[in-house]
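I'd like to ask you about the structure that follows.
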Amino acid sequence: MTDNDLMQRSPHLIRRHRNGKIGRAIFFLSTTIGLVALIVLILSIINQSMGLVIVRYTVEPATLSDKPLEDLESTELSAILTQRLKPSRLRTIERDTPLATLSRTQLYNLVMEEIVVPKVQKSFHLDESLFQRAKIEQIASEEYPGAHITFRSWINWNFIVGSLSKSPEIAGIRTALMGSLWIILITIVVAFPIGVGAAIYLEEYASSSSRINRIIQTNIDNLAGVPSIVYGILGLAIFVRSLGDLTQGRTVISAGLTMALLILPILIINAQEAIRAVPNSLRQASYGLGATQWQTIWHHVLPYALPGILTGTILSISRAFGETAPLILVGASSFINKDPSSLFSRFTVLPIQIYNWTSRPQDTFRNIAAAAIIILILTLLTLNAVAILLRNRFSKRV
Amino acid sequence: MTRQTLERQIHHIQDEVLLLGSMIEQAMLKAVSSLKCRDIAEARRIYHADQLINEKRYAIENAILILIATQQPMAHDLRILAAMLEVITELERMGDYAKGIARVTIRLENIEIPIPTQEFDRMAELSVSMLHRALSAFVTENPNLAAAIPAEDDEVDELYNRVYLNVVNAMIANPQIIDHANLLLWVAHNLERMADRVTNICERTVFIATGEVLEIDQSDDETEQDVE
Amino acid sequence: MEQEMFRPTQQTQAISPFDVHASSALIANLRKRPRWGERFIQGFLFFCGAVSILTTLGIVFELGKESLLFFQTPEVNLIEFLTGTKWQPTIGEFGVLPLVNATLMTTLVAMLVALPLGLAAAIYLSEYASPKARGFLKPILEILAGIPTVVYGYFALTFMTPLLRTILGSETVQIYNTFSAGLVMGIMILPLVCSMSEDALNAVPRALREAAYGMGATKLETALQVVVPAALSGIIAAFILAISRAVGETMIVALAAGSGPNFTFNPFKAAETMTGYIARISGGDVGYDTPDYNSIFAIGLLLFTITLALNILSRKLSARFREVYE
Amino acid sequence: MTETPFPNNAYAIELRNVDIFYGNFRAVKDINLQIEPRKITAIIGPSGCGKSTVIRCFNRMNDLVPSAHLNGEILFHGKNIYDPDVDPVQVRRLIGMVFQKPNPFPKSIYENIAWGARVNGYRGNMDDLVEQSLRQAALWDEVKDTLKKSALALSGGQQQRLCIARTLAVRPEIILMDEPCSALDPIATLKIEDLMRELSTQYTIIIVTHNMQQAARASDFTAFFTMDTDRAGIMVEYGPTSQIFTRPKDKRTEDYITGRFG
Amino acid sequence: MTETPFPNNAYAIELRNVDIFYGNFRAVKDINLQIEPRKITAIIGPSGCGKSTVIRCFNRMNDLVPSAHLNGEILFHGKNIYDPDVDPVQVRRLIGMVFQKPNPFPKSIYENIAWGARVNGYRGNMDDLVEQSLRQAALWDEVKDTLKKSALALSGGQQQRLCIARTLAVRPEIILMDEPCSALDPIATLKIEDLMRELSTQYTIIIVTHNMQQAARASDFTAFFTMDTDRAGIMVEYGPTSQIFTRPKDKRTEDYITGRFG
Amino acid sequence: MTRQTLERQIHHIQDEVLLLGSMIEQAMLKAVSSLKCRDIAEARRIYHADQLINEKRYAIENAILILIATQQPMAHDLRILAAMLEVITELERMGDYAKGIARVTIRLENIEIPIPTQEFDRMAELSVSMLHRALSAFVTENPNLAAAIPAEDDEVDELYNRVYLNVVNAMIANPQIIDHANLLLWVAHNLERMADRVTNICERTVFIATGEVLEIDQSDDETEQDVE
C-alpha cells in the first residue's frame, strides 16, 4: 500500500460512487412526486373554488334602488321586501322570523334569495379567469347576452353560515357543519372512555396468556383494518334498522355510534401505543414501593401516556371528520335544511355534501364542492396541528 | 471520596501490621532481657509466643490476599498491599530471631558463661527503635524518614563486631565454652540480622512512595568485613 | 478482619418469644385485604375491551344474516355469484365478477403508483434527507395522508380525468374510468406506504448502517443492500396494508370510477367496484329486503373477508419484523 | 445501629426448595438460601442462570409476569410470602427494590420520595422524611437546593441514589437490587457501593450483579448460580465473599471466578 | 507474522494537535497520540470525555454526524486522512470498526462476511475468504455447520466475533473497537479479549473501553482521557499499560485507576 | 478456554521462577565446590552473581505485581501468584546463602583449615535436590510431592550436627582457628538454612493446591536440638 492508494480511486470505486448518485436522484424524484401531487391537489381545488362567473339576475338590482344594494339600510331592505315579495311568501317568512327581528345581513340575503335571485349561468376556474379573460368575455357576450361577469369566491362567509339550498349560488354549509359537530361530539363521548378503558385493560390488566385477552387484541387489530364502508353496513343493520326504535333510524345518534365503532379500534391502538411507551421501569418502580395496580396506573401510567392518548384521539377524530362512506349507508340526507337539534335529528355532514355536490354534473356545484373541501381541509389541518403540538410537547418531556 | 471500603480495609491491615511490629518489638526486648536475667520462664513464654506471631502474619497475609482478590486495588493501593506482604514476611523472620534468642536463653540454663549484656541491650534497643520508626515511616508513607534509617545499621554492625571479637577471644581463652559461647554469637547475629531486615522495610517504604525498588546499599549477610 | 464465620443452617429455627410477637404483628400486616374499588375498575375496563368483540360479532352476524337472506333469494346461487360475469339485478343476474374485476383494476393501478414511489420516497427520507429536510417533508406527507378520501374523489373526477382526456383524447378515456380512480388512489396511498416503510427503515438500528459504512460501503449500497433487506418484512407489511386499503376504498371509486357494473379490462372505461356498488345502492332509494338491497351485505361480506385476510397477513409479517430487533 | 427487628441467629429471609417456572420452563430449581440480616449478599452467575428471576421472587415482583409461578417457600419473619393469604403489595413495601436502570418518576425530586410514603399512608412530616431519606442515600447535599426540580435532570448515579432514597422512604427491611450499577460509570458505581456499605448497618441488602468484581468488592456473602444441563438455574455455592473469591469450594465456581468456564 | 507494511519505528496512525467539534462545542482538544503498529491500544476515561468521538475520527466515521468537524491532522501512511482529496469510503475499508453492540446484518452468517468483501470488489474465492475470516475470529469451529443460518441466531459473544470476522474479511490494517464488550457477559468478554490478543500479531487494534479492568487485561498501551474544565476531553497520560496501572505518572490517572476521582 | 493471556503470563513467570531456582542451585553447588577447591576466582564470581539473582527476583516480583494489577487474577490464579511472591523471596535468600559461602571461601584465602568437604558436599547436594524437586512440585502444583520433601530435611540437620560437633571439637582442640572455623559453621548453617527454606516452598505448594496454609512441622531455627 502506498500513500497514493488513499487518494486514488479505482475504477470500481468510481463506478460505485456514480451509482450512488443515480440512486439518490431516483429517491429524490419519488419524494418530489409526492409533494407535487399534494400541491397540484390543493391548487386544483383552490382553482375551482373561485373565479369569474357569468351571472344573470331575475330582477336587476339596479331596478330596486338607486344605491347599490350593499349600501342600503335595514329599513330600506325591509321596504324592498314588503314591496316586491308575493304576499303569501311574505307571510310565510314573517311567520318564521318577523322581518323586524332580522339583521341587515339577513335582510340583504333575503333580498338576494327572494327577489334578485342571481343565477350563475357559467363559472370559470381561477386560472381561466386570470389568463383567459378575453375569451370569457367573448363567451359571455355570445352565449349569455345581458349577463354580468363578476368575480366570485365560492368560499365566503355566507357559504359558511348559510343553510343548504338547492341552488349553488346561495347554498351554505352550516347544517352540514352542525351535523359534523353533533356526530363528532357523540363519537368522542362514546369512543374516548371506552377506547382508553380498553387500552388500559389490554396493556395493564390483560395477561397475554389468557385466551380471551388474546382474542380481544387480535380482534381490535383486525377491526382497525376493516374498510369503513363495512362499518357503514354494520351501522345500517344495527343502529338504523335493528335498533331503529331507539335511534329513530337515520339520525345523528345512529351516525355517531357508527362513527364511534369505526374509530374505536384506531383510538384503542393509539392509546395502547401511548401506554406501551410508558417505560416499564416506571411501573416497576411504583410496584416496588408497594403501590397497588390502580395507584400505579392512575398516578404514573396515565399521566405519562396522556399526551400520547390525546394525540391519538385527535387523529382519530380527524379521521371521523373526513369519513364519508359509512355515513352514506347510515343515511346522511343529502338535502335537509334544518340544523340538527337533538340526538334524533336527521343530519348531513360536510363530506357527504362534498360527495353530493361533486356527483352533480353542473360546474357550479363543483365550485361549492371545492369551497367545502377547503373548509374541510382547513378544519382537519387545525386538528392535526393541535395533535402535532401535543406530540412535540410529549416527545420533549421524555 | 469513593472507595471507602478499600481504604478502611487497608488502614485496618496497616494497623494489624503495626500490631505485629509491636509484638516483635516486645518479643525482641524481652528476649534480650530474659537472656540477661537468665529468666527461663520468660524465655519459654517468648519461645512459644512466636507461634502467635506466625499466626498473625498468616492472618494478615490472608487478609491482604482477600483484599487483592475482592477489591481490585491498583497502582498505589496495590503497591501498599504488595509492600505489606513483604514487610510481614520480614517481621515474621524477626520474630524467629527473638525466638532464637529465647532458645539460647533456655539452652544456657544452668550454664555459667559471661554474657556481653551491654552490647546486647544496646543492639536490641537500636534495632527495635529502627524497626519502630521504619514501621511508622511505612504506614505514614514517609520515604524521607525511611531513607534515613538504614544508616543506623552501621552502629549495630559495629556492636556486632565488638561482640564477635569478645566472644571469639573468650573462646580462644577458654575452649571449653566454645559450644555455648557460639550460642552467644547467634544472639548477636540475630540482633544484627534484625537491623538488616529493618532496612528492607525501609526499602519497601521508598517503593510505595515512588513505585521504584531502590536497593539501599546494605550488607546482606552476617559478616561485615568487606570481601573485596 | 473482614472474615466472618459462615453460620450453619441449624440455627435458623430459633425465634425468641419477643420476635414471635413482633413477627405475628408483621404477618397480620402482610395479610391480604380486599380492594373492591380496584375490582370494580378492572371489571369496567374489561367491558371496554369486550366492546370490540361485540363489534366484530355484530359485523359477522349482520353481514352473515343478511347475506343468507340474499342467497335465499331464488334467483341467486353461490356458484353463479362467484363466477358470473354479469351483474344486472333487474334481470336476475347476480355475478359478482364485474365488481371484483373493477376493484382489482383500480387496486392494481393504485399499487403501481404507490408502492415504488412510496418506497423510494421512504428511502430518501430515512437515508438521505437531512434531519431538517426530513422534519419538513414528513409532516407534508402526513397531511397528504390525512386528507379525506372524498377529496381525492373530487380530485380524480375534476382534475385527473380531464387531464387524462386532454392527453390521451376524450375518445379513449371515458368521463368515468378506473384508471383515473386508480391513479389518484395511488397518490392517496403513497403517504401510507411511505410512512410505514419509513418507520420500518427507521427501526433498523443505526448500528447496522454504521457497520456497513465501517466496512467501506457507500450510501446506496448501505441503503439497498443492508437497510432495505433488514426492514423487508415491515415494508412488505406496508405493501399488503396498502393493497387492503385500496380494495376497501370507497369514495374515490364512487366518484370517479363510474356507476354501473361493467366487466371490462380496459382501464379507461367506466366500471363499478364492490365498494362503489355498495355506496350507490345504499345511497339510493332501494327498499329494504329487496335482493338488490340484500346484495350489498353479500358483497360487504366478500369485501370484509378479503380485507381481513390481507390485514392478518400484514400483521403477521410486521409481528415477525418486530421480533428481529428489540 | 437502630432497633433490631431480627432475633440473633435468625435469617432476614430464607428460600426453601424454591423452583421457579415460566410457563412450563423451569428457570430456577431447588434453591435453598438463607440471607443474613444486615449484610450484603451478592448473587452472581452467567447470563440467563436465573439471578433476576430469583431476586424478583423475594418481593413477589415476578407476580407481574403472568406466566411465572413458584414452588417451595420463601420465609420472611417465619411466614411464607407466597401463601395465598399474603398481600404482595404489603410484601413489596417491606422488601423494596432498586432496578437495573435508574427509574425515577418524571416528577420533582421531592415528589419522587414523598409519593411512595404517601400511598403507603405515611402521615408524619413529609419534609423531614424526604430530608432523612436523602441523607441516608448520601444525596442530600447534592440536591437540597433543587428539591423542586425534575428528578430526570439528575445524573445517572444521582438518579440511582434517588431511587434508593425513595425506597428507604417507605421503610423497608430488605432492599433488593438487580444490577443497580450496570448503567453507571465506574465512579458512580463505586459511590453506590459505598452507599450500600453504609446502609448495610440498618438494612439487609441483596444484590444481583453481572460484575464479579462488584460482588467481590461490595458484598459480605456471595451466592454463585449457574445453569444446569436442563438450562435451569441452580445455586452452586454460597458463602462469605472472601472465601468464594479466594478459595471457592466448587470447580464451577472457581472456573467462573477466574474467568474460565466449564 | 505476515508482511510488514510499516517501516520500523513508524506509527500505525498518528494524531497531531487534533481538536474535534460538534457544532461550536469542542468535544476533544489538542490530542497528540501515536499508535504503535500491531499492538493493542486502549483508550479509557470517564463518561463523556470524548473517547468515542476520538475513535470514530480514526476512520472518519464522524463524517456521518453532520455537525462534527475536526482540526489538526490524522496521519495514516503519512497522509492526513482528513485531506479533502481522501475518500472516506476508502479510509473505512482500511480502518475497520467494531461497535458497542454486536450488529450483524440480518442475513446468513456466510453473507455477513461475504457482503463487505463483495461490495469492495473482492474477486477471489469467497468460500475461502469466509472460512479464513471466521477462523481468524476464532468462530469457525462453532459455526462451520450453520453458515447458512441467520447471524441473529448466534449468541451475543458469537455475534461480536462475527462482526470482527466481517471486518477482517475486507482486510483492514487497523481495527477500531468502541466498547466491543459492554453488551457481553464476562466470559464472552474474555473470549473477545483473547481474540484481540491473537489478532494483534497481524493488526493494529484500538479499543475504547469503560471497563478499566478490561484495558488493564487486554491492552499493551493505554491512553487516559478526562474532561478539562471547559468540558473538552483531553489526553492526560499515555504509556504502556503495565506502567499506567501500577505506576501512573499523573495524579488524575492514579485517582481514576484506583477508583477515586479528582 | 478463555484467559489465554493470563495463563501464558503465569506460565512465563513460572518459567522465570524455575530459572531463578536453577541460578540458585548453580550458585550453591558452585559455592560449595569452590570452597572445597579453594577457587577464589570462582567464589568471587559467585559473590557478584548474587546481584543478578537479586535483580531477577525483583524483575519477577514486578511482573507478578503487574499481572495482579492488570489481569485481576482470582482464586487459584491469585494463590499461585501470591505463592510465587513468597517463593522468590525464599529463593533470593537462598542466593544470599550461596553468596555467604562464597564469601567464606574468599575470606579463607591462604588460610589453612580442615574443611569437612564430605558433609558440605552432601548437604549442598541434598538441599539443591530438595529445592529442585520442591520447585517442580510447585510449578506442577503437586502437593503430594511437595509434602514428601520436608522429611529429607532431617538428613541435612543430621549432617549439620555432625559438622557442628566436628568443628567445635576442632576449635576446642585448637583455639587459634576459632575465628576461621566459625566461618565453616556459617557455611554449614547456610546449607542447613537452605533446606529449611525449601520446606517453606513446599508449604506454599500445598497452599496453592488447597488454599490452606499448612505449616509443615519444621525446625525454624538454626539449632536442631529441641528446647522443650
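For clarity, chains are labelled A, B, C, D, E and F in written order, and residue numbers in each chain start from 1.
The rule is simple: a contact is a pair of C-beta atoms (placed from the backbone, for glycine too) under 8 Å apart; a residue touches a chain by one contact, two chains touch by 3 or more.
As the structure is a prediction and not an experimental result, all values here were calculated from the model.
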Mutual neighbours - chains that touch chain A and chain D alike: C, E
Chain F against chain B, contact positions shared by both copies (same if over half, else different): same
Distance between the centres, which are taken as Cα means, of chain D and chain C, whole angstrom: 45
Separation of mean Cα positions, chain C and chain A [Å, integer]: 21
Separation of mean Cα positions, chain B and chain A [Å, integer]: 98
Centre-to-centre distance between chain E and chain A (centres being mean Cα positions), rounded to whole Å: 56
Chain B, residues touching no fewer than two other chains: 2-3, 6, 62, 65-66, 69, 72, 74-75, 78-79
Interface hub residues of chain D, defined as touching at least two other chains: 90, 94, 187, 190, 212-213, 216, 242, 245-246, 259, 261
Junction residues of chain C - those touching two or more other chains: 2-3, 218, 221
Chain A-facing residues of chain E, complex: 5, 76-79, 81, 83, 85-87, 89-91, 94, 119, 121, 173
Contact set on chain E toward chain C in their complex: 59, 61, 64, 66, 89-90, 92-94, 96-101, 103-107, 115-116, 119-120, 152, 163, 166-167, 170
Contacting residues of chain B [partner chain E, same complex]: 1-3, 6, 72-79, 211-212
Parts of chain D lying in touch with chain B, wherever the complex brings them together: 187, 190-191, 193-194, 197, 213, 216-218, 241-242, 245-246
Chain D contact footprint on chain E (complex, rising order): 46-47, 185-187, 190, 210-213, 256, 259, 261
